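Structure first, then comments.
We just call them A, B, C, D, E and F in the order they show up, numbering each chain from 1.
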Amino acid sequence: MRLLVINPNTTRSMTAKIALAARAVARSGTEIVATQPKTGPESIQGFLDIARSHHGLLEIAESHRDVDATVVACFDDTGVDALRCIMEGPVIGIGEAAFHAASLVSSRFSVVTTLARAIPGLKDNLDRYGLSRRCAGVRAADVPVLQLECDPGATEQRIATEIAAAIADDGADAIVLGCAGMADLNRRLSGRFGLPIIDGVSCAVTMAEALCAAGLSTSKAGAYAPPEMPPPALRETLLRS
Amino acid sequence: MRLLVINPNTTRSMTAKIALAARAVARSGTEIVATQPKTGPESIQGFLDIARSHHGLLEIAESHRDVDATVVACFDDTGVDALRCIMEGPVIGIGEAAFHAASLVSSRFSVVTTLARAIPGLKDNLDRYGLSRRCAGVRAADVPVLQLECDPGATEQRIATEIAAAIADDGADAIVLGCAGMADLNRRLSGRFGLPIIDGVSCAVTMAEALCAAGLSTSKAGAYAPPEMPPPALRETLLRS
Amino acid sequence: MRLLVINPNTTRSMTAKIALAARAVARSGTEIVATQPKTGPESIQGFLDIARSHHGLLEIAESHRDVDATVVACFDDTGVDALRCIMEGPVIGIGEAAFHAASLVSSRFSVVTTLARAIPGLKDNLDRYGLSRRCAGVRAADVPVLQLECDPGATEQRIATEIAAAIADDGADAIVLGCAGMADLNRRLSGRFGLPIIDGVSCAVTMAEALCAAGLSTSKAGAYAPPEMPPPALRETLLRS
Amino acid sequence: MRLLVINPNTTRSMTAKIALAARAVARSGTEIVATQPKTGPESIQGFLDIARSHHGLLEIAESHRDVDATVVACFDDTGVDALRCIMEGPVIGIGEAAFHAASLVSSRFSVVTTLARAIPGLKDNLDRYGLSRRCAGVRAADVPVLQLECDPGATEQRIATEIAAAIADDGADAIVLGCAGMADLNRRLSGRFGLPIIDGVSCAVTMAEALCAAGLSTSKAGAYAPPEMPPPALRETLLRS
Amino acid sequence: MRLLVINPNTTRSMTAKIALAARAVARSGTEIVATQPKTGPESIQGFLDIARSHHGLLEIAESHRDVDATVVACFDDTGVDALRCIMEGPVIGIGEAAFHAASLVSSRFSVVTTLARAIPGLKDNLDRYGLSRRCAGVRAADVPVLQLECDPGATEQRIATEIAAAIADDGADAIVLGCAGMADLNRRLSGRFGLPIIDGVSCAVTMAEALCAAGLSTSKAGAYAPPEMPPPALRETLLRS
Amino acid sequence: MRLLVINPNTTRSMTAKIALAARAVARSGTEIVATQPKTGPESIQGFLDIARSHHGLLEIAESHRDVDATVVACFDDTGVDALRCIMEGPVIGIGEAAFHAASLVSSRFSVVTTLARAIPGLKDNLDRYGLSRRCAGVRAADVPVLQLECDPGATEQRIATEIAAAIADDGADAIVLGCAGMADLNRRLSGRFGLPIIDGVSCAVTMAEALCAAGLSTSKAGAYAPPEMPPPALRETLLRS
């Protein structure tokens, strides 16, 4: 199968890191098509970046309509609902993938993300998916997304500090890493802390494969139906009135 | 004060109708600046249209930074969180305005919107605001947004049928009209049914005035802080890597 | 319009302070009628005071039936539901007004109230309105209501201490002041902390004006319908049996 | 033990019926002191009656401070929180008692009350206690409270019709009768429908006995602490200012 | 009445302690039948022990079908739902009994249990009963169940430390002791802390008596109906296919 | 990898059907080990069967400790939490797998299960996982589990009737089949109704593979840690006391 993995920001080093993480877990028969929009924000940190990313994200997705499934490699799951209306196969965000996986392998998980300003949006997502029921806390390591790219040693340490706090104070028995840019940290940190440290990219890739194997794709019978256009004559009238 | 009212779709007749509804309730000292994006969907019906509207919506807002408050005249409250990051004064969506107003004048309200495909998104919003607690039901009149513009008699009848069902079956004692295109119906229907029929445009305009009068505006201390850019040198490195 | 603002306790200095805060934000055409019950508790601190205030509150409201809207200037929103059954225009409590306003200008707000004994009742209200979804915490400054009247310097300092804790520990980006007696503090504290510090009196006054301007009033079709009396003959029989 | 059972309305026939139901289930050593306020509404149907009942309810309770426990025999649980601040022993409302009992003997229960106008208040209570989690529906038989007193045959039939609907449509396997005036119907209806039909008076009386036997009473360490008065000098100053 | 009190683990000293606590609060006419399974775990600490206890618990219950009510004296309420399908009278777990009692005598309660590994299961129960709405926190004293039996002094001190933290940090005004093995501590600790310290065994015994006195038992019309067997011929076919 | 698929009832034809469904979707490198307990109920319909199944389920799992992952092929997810304490690799129930998958491919899903008596338990599970947020309804086709085995034509028609009702009345855009015994129906019904009809067995198998590929397994740092035994000397003392 062909699996489209979109990094919805324009930072190439993140796309490369995401592609690496995706290929590391994909089945042998899965072709990972990793890409990024031509225009849009360089990183996605909060509500404004999310809205700004939609134009480029839809554009890049529409030029890859021939894939079997789509992963949106941004922890905010930006644009996932919109892509479900246009793509044929299943569409998964790495945030939701990580939350679902964490629900299956732990009793209570905490999330460690980049900046505090992203926390309300992530909590909204958790509530919307229902999975805040299983979440013990959402914490910020106070690390801008792009700093993950250029100072990995210091940022890993700050992330580890928050993980330790989540275990001690939240009672978490698993940790979700809340940024696509952390996709290279999960295995090392998991060994260090002795519990699952969950990266969304690997969860989303394997879950997309799982849905395809189970013969499932987005329902087009409800909110994800492609919007119908009004008849041309009506449009003429309305747009020129 | 200057109040920006953005119709986030490109249908001019809707902008005109929204402007009329806004001016009918605004204080004498409030100047209503009604506008619409240059590009984007002709109507907003579901998740794909929402994402497609963001580019034009941000563009039009950024060219009106000198206003005192902003109303997003789409019942899905599309882009409200993003605009809160860039506009100085308060930003209100007509959906949330109507839900808050309904909570203050009724014990349980129902929503009557256009198409069934919009219901999950509206329920997500109600949950996110917390106001699903006061909502008895979200119903669709099975009327595309643009049909409101060209066949008002028939569409009003279908909306009235759903209102009657909401009162009888949901136990609602107030009705929220779930589309900016219904902004001319609330007074007539309210008289017909003998209970509050709530239009979001008039609620959002008067609530924006209320917040300004109370000296309140969007907090820039949390999720609505404008995103900071990384230093230019870092951006150079990352984008070209 | 005539706007009735009832301080439901019998402390005159609080009524004066509330009237001042109301007039500071009201439209030029709004007449503020500020009053207080003849009998009842001197301050409202918890469930017993709330119940004790109802008799005087209903009495004073019933003698002002000719107003266009009513504000209950007690942060517990005492008697609001009952007044909605007898007053013609909209009725708003300053607690709910502040919570709704905070939901519109922040991503997560905390409440700083007077005594810890009031916290469970305020949390009940937040849950009932649905707005606990947006509330990051309810804190007590350990200041009795009447002490706000006689030692403003020391009490302001204790309130500021809790505000600082709410920002640091709850992640709040706006603060709701949880007592009508704090209505003179919001502007100074807002300047000090650099985020919205929200006073319920000014929110309730401007929201009542907003609802009136939007043509909305309490629905009388549900839980707020005035109770009907049984026919006189039946009452005779039952009461004397 | 002495168990105070207060009918918070002024209809004597209801007090008599409630006393009968209480004595039918009380332990042999329990003295039932059934009483009613001197003033207040003749029946309690909604928010206004609830507020109007508080004055007389507090008065009658304060004149019976020597009891071991208190039952408030109104399904709205009016005044229960206030009484917890002044009475020594446990205080239970018949609404909450019935909801707790129903949670212990069924998987999902429905409530059948008198008038539709009471439903939002009962749902608020269920949410506040948390027990809406176990409630499948709240229905009204469209029977005013006092009609239960004068036309028992016809009202029982309407109640039975709603019970049948709750079983068929809500999937309820137990029914809570939502009015103190229905306290004589539960055994007959339970036999007719073959599942628990739960009356709040008998639940509240036996649960009050249970709490006393277990050595439990209202915590005075939190929201139910009796409010302290400010020192007399301060009161002088404030009230005369 | 005959009241079956099952300790679902096989530790005899706990059964003795439970029987003592039960008899201390039971009515004079109530015969306490205290027993334990023949096989199963020695203490119940988490999900695996719960599942392991079911076989012995069902066996011991089925050999006592002639009782009037049943108490499951394990704070996890293990097997309560299953026993409701086979026992005639009401069945109550000591966890749910304590939570319901705490809801009736406090505004917010905290739970102090044995080991942290039990916390997620207890939170699941609280959510399921709806009573997490009233719960301020679930804490572990880090004391294995069996240590309560052999080192009571040291364990009481650790429990007291957590109680103090629950009062100070959670704002709890009542404490639920989260283990049947703590049934001898509640009165002494209650005196020490000046607020209700609630033991589930005494709550469950007196509530079972209350339900019986009120004429209530488990509904057999829903989820607690005894499962019907398929006809013998069908079983033959299916089991041998 | 070796994937253990346990049918927790003793009906062999169901194990065969489950194995078929599992092998139809498993990767080529996955060996499906399908088995069933030696003792226990013939079908699992409600709380009593669930408890009765635990002994045999634990026994069969403990004799297959060498697998890489485990699927519990009962829609009630019976014993999943207990197995997570003893098995090395991830453990998934078919109920939770189906709910998670449905959340990823639809906006609102309904569940169609066998008997009404199972509905409360399934709703408890949905609440516990948090996924009731995405569930539009749980319906029963009024078909005993074993009837699925012997009269497939008639039972499929009754299931189809409920699916049609879920689409029309609940607004569902995907359907979860609520019984392992329906694992052969999903593809045919999906074609008939034009939306995802989701079988838990195929979801659980592919999700177990996904978790393994992503390097994830049950956290042993919290509620799923294997219970430690007390030291032998202590056990001697306690068990013989």
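Just so we're on the same page, a contact is a pair of C-beta atoms (placed from the backbone, for glycine too) under 8 Å apart; a residue touches a chain by one contact, two chains touch by 3 or more.
The structure displayed is predicted, hence computed values, not measured ones.
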item: Mutual neighbours - chains that touch chain E and chain F alike; value: A, D
item: Those chains which touch chain D and also touch chain A; value: B, C, E, F
item: Chain whose Cα centroid lies at the greatest distance from that of chain A; value: D
item: Pair joined by the larger number of C-beta contacts - C-E, C-D; value: C-D
item: Distance from chain E to chain A - Cα centre to Cα centre, in angstrom; value: 42
item: Chain centre separation (chain B, chain E; CA means) in Å; value: 50
item: Chain A: positions in contact with at least two other chains; value: 107-108, 116, 119-120, 127-128, 133, 171, 222-224
item: Topology of the chain contact graph, where touching chains are joined (line, ring, star, complete, other); value: other
item: All touching chain pairs, where touch follows the definition stated at the start; value: A-B, A-C, A-E, A-F, B-C, B-D, B-F, C-D, C-E, D-E, D-F, E-F
item: In the complex, chain C residues that touch chain A; value: 107-108, 133, 171
item: In the complex, chain F residues that touch chain A; value: 25-27, 90, 92, 96, 100-101, 103-108, 127-134, 167, 171-174, 186-187, 190, 194-196, 198-199, 202-203, 205-207, 209-211, 213-224
item: Contacting residues of chain A [partner chain C, same complex]; value: 116, 119-120, 127
item: Chain B-touching residues of chain A, taken from the complex the two chains share; value: 10-13, 41-43, 45-52, 54-55, 57-58, 79, 81-82, 84-86, 116-121, 124, 127-128, 144, 146-147, 149-150, 222-228, 230, 234-235, 237-241
